[in-house]
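First chain A sits with chain B, and in the next complex the same chain sits with chain C.
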Partner chain A sequence: MDQEIRQVLAEHGRLAVDVSSLDENTDLFAAGMTSHASVNVMLALEDAFDIEFAESMLKKSTFESIASIRAGVLEMTDA
Partner chain B sequence: MSTTEAIPTTGPDGRTVPSAPSPEAEAWQPFRTMLLDAGLLVPTGVDGLYGRSGTYESVAEGMDRLVLRVGADQDALSMRFPPVMPWATFQRNGYLESFPDQMGSVHTFRGNERDHGELLRRTEEDEDRGPLLATTDMVLCPAVCHPLYPTLRGVLPEGGRRAEVYGYCFRHEPSTDPFRMQAFRQHDYVYLGTPDGARAHRDLWIERGLEVLTGLGLEVESVVANDPFFGRPGRMLAANQRIEELKYEIVTPVYATDRQTAISSSNCHLDHFGRPFGIESADGEVAHTACFGFGIDRITLALLHRHGPDPDTWPKAVRSTLWP
Partner chain C sequence: MTATTTAPPLESGSVDVVRLMTDIAEKVSGPAADEVDRLGRFPSETIDALRADGLLWALVPREFGGLGATLSEVSEGLVALGRQCASSAMVVAMHHIQVACLVRHGTNDLLRSYLAEAVEHQYLLASATTEVGTGGDVRSSVCAVDVEGGTFRLEKQAPVISYGNFADGILVTARRSEDSPENDQVIVLCRPPDLELEQVGEWNALGFRGTCSPGFVLRASGDADAVLDQPYGDISTQTMLPIAHILWGSLWLGIATAALDRARRFVQAEARKRPGTTPAAALRLADVSALHQQFSDLVRGSVRRYEEIEGDGERLSAIGFAIGMNSLKVSASTLVVDVVRQCMVICGLSAYRLDGPYSLGRHLRDSMGAALMVNNDRIMGNNAQLLLVHRGE
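Presenting the complex of A and B:
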């Protein structure tokens, strides 16, 4: 799953650094992801995992690191 | 003619359709009636698009000049733009990503004689004209400061730069609420420079805005706010905007004490404009920008609501502040 998340980030995150260099807890916003880019990441994750994030998850903290994204995706795939 | 009836509006296909009654419409109906009966606003048949009377304009002009007096110490570049702006600017400023449903696109006709005949037939028969019209390289200006940024490409002086911009904006948000106009004026004080400078500008102008509006007899406060970003992704942008406290509005209770209406707002844009338009602070970093906008039409309406339809009868202190 982490590999797919990294691929989404590489395609949509518009990060200032190479995605492969990211630790799973690296703050993606500090690594250059803008609010608008995070929206594209969110939509791409929904497509990649065939999920729809709950309304309550549509906030910055859900998408701030690879670990938090994984937790969010798992929450929706378990639901 | 009764002014309390819903005014027909033009639907997306160009047809005239009656406005859907809003559950909140009752709240603003008496104020709308007052404005229309006094001739302060003149309905055009499109919701949120009005003619303004001389009396209304004298208040708006008084407010505009007051804003200039309050900002006289800012050494601000004065800029005025038409209410139409280049698509080339619009396509890079992020508006289409955030507010596609509020944009106004300028179209024209580029067909041949046969197409022209078809356009006329459709117009005559009230059919959708869209397929016969072509986009131009212009859109209606959605925020008065937007045309400014591309004109300031390059390196800013030490201490940043300030500019004041006044003009009409367009947002496609048809409503019978007089406070929600589709074409309205903003008078903005914009800062371009460092992140700290942008926050300081925002703080200074919220304070000044509160002072000016309180001085006009309005009950105001500043609150954290968010823009009406489009769709589900927009909820995320709105949540981010609130968490970071990037937008504040100065609000006043108009229709009910528990329902506040924004009459001015401030935005910290971070590098949202500095980056696409190649603006740098003196230290070589991408410039951060911030603006504070006085909603001139909304303030005019709030004053008419607070003090009544005849400015000649307004409190002396308010009159002498607006018209010294």
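Presenting the complex of A and C:
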């Protein structure tokens, strides 16, 4: 799953750094992801994992790091 | 630069912020409005009067020495000011946006003690978010804060800083550090004597002429605690953007209200000449009154919407709220032009003339600025993106 998340981030996150160098707790916004890019990441994650994030999860903290994204995706796939 | 007047001591019981602001608008700002516009001069009489009543920092809670005014009170006061002098109202609105950011996010010791000092001296605060190189995209910066040994240093090329030459301090956005990407921004309180402004060009614009908004090269340094702790992105989402759109919308509503006042008086004067015959323009007046009511309800509804969740950072950061506050700005900036334009058709040549009691030239020129203060196309672009993931209310 982390591999797929990193793939999405590499394609849509428009980060200032190489995705493979990121720690799972690195702040993605501090790493250059704009709110515009975070929307694209969200859409690509929904497509990749065939999920739809609940309204309550559509906030900055869900997309803050690889770890928080994983938690978010797991919450939706378990639901 | 520094104000010498101090706020009057607080009486027990609440200060009627709306009445005080309305009085100043009618007695001080209104009579000077045409001159402020014609000469493009700073409306110092309005600022001095607000200062003398402690109204510049009205939003500060009483525990920090302010008046503890609500956003709706300041919003109503700005409607009254905008009705008399849009330039004065714009200066006051921009200042209150900075105050709100400091009250909500300036929580470290240095910024809290600044708050007390600012209330006492009734400092006027300006804003430098726009930058040469990023255009109107205020969510990215070129310049960066350089922090070393507890001291920050910053230089910004600002194409427009309203009342920069009259401000006692400026909130400036910048990248967090030289290594930060363009959207990892902070906001910094810059103040004299460690603030230097080198003016670039003049402000000779179509409207809001009294805001005195030329470009500047801004150089500042100071205690690193003058950098607000929270990321600018969060401050913008929760406070600066919604409050800017609400307070701008309030003064634009004031402009529209002034135009409607003139159109109403014009139609009533016509009616008095021939009692029994409804003037042809009365129907158009009915039409534009309905439009004005939409505008008024939009602004007042948005203030309520903000106040209902103002203590809840999570709800202030929700996508639906962001879309709503963006839509408010785009609608309000469109409605102000529509109302003024229709009132001009009602008053006809009397409105087109630059003199006389029905003149609407200043109102029309001022209203045209609303759509470009952070371009409506940019804001709609943001909403277009947000709506791709919004789940509805």
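We adopt the following convention: the second predicted complex is superposed on the first by the 79 of 79 C-alpha atoms of A that agree within 3 Å, B and C clash if a C-alpha of one lies under 4 Å from a C-alpha of the other, contacts with A are read in each partner's own complex, and residues count from 1 in each chain.
By our rule, contacts are C-beta pairs under 8 Å (C-beta built on N, C-alpha and C of every residue); 3 or more make two chains touch, one makes a residue touch a chain.
Everything quoted here is computed from the prediction, not taken from an experiment.
In the superposition on chain A, contact is made by A:Lys59 with both chain B and chain C.
When both complexes are overlaid on chain A, the residue A:Ser35 reaches chain B and chain C alike. By the touch criterion defined above, A:Ala16 reaches chain C but does not reach chain B.
Within the superposed three-chain model, A:Ala67 lies out of touch with both chain B and chain C [touch as defined at top]. In the superposed pair of complexes, A:Leu43 makes contact with chain B and with chain C alike.
Ranking chain B and chain C by residues of chain A touched puts C first.
In the superposition on chain A, the residues of chain A touched by chain B in one structure and by chain C in the other are 35-36, 39, 42-43, 55, 58-60. Put simply, chain A touches chain C in their complex at residues 15-16, 29-36, 39, 42-43, 53-55, 58-60.
Residue ranges on chain C touching chain A, taken from their complex, read 139-140, 176, 180-184, 231, 233-234, 237, 314, 317-320, 382, 385-386, 388-391. Of all the residues in chain A, the ones that touch chain B in their complex are 35-36, 38-39, 42-43, 55, 58-60, 63. Chain contact summary for the complex, chain B toward chain A: residues 94, 97-98, 232-233, 235-237, 239-241, 243.
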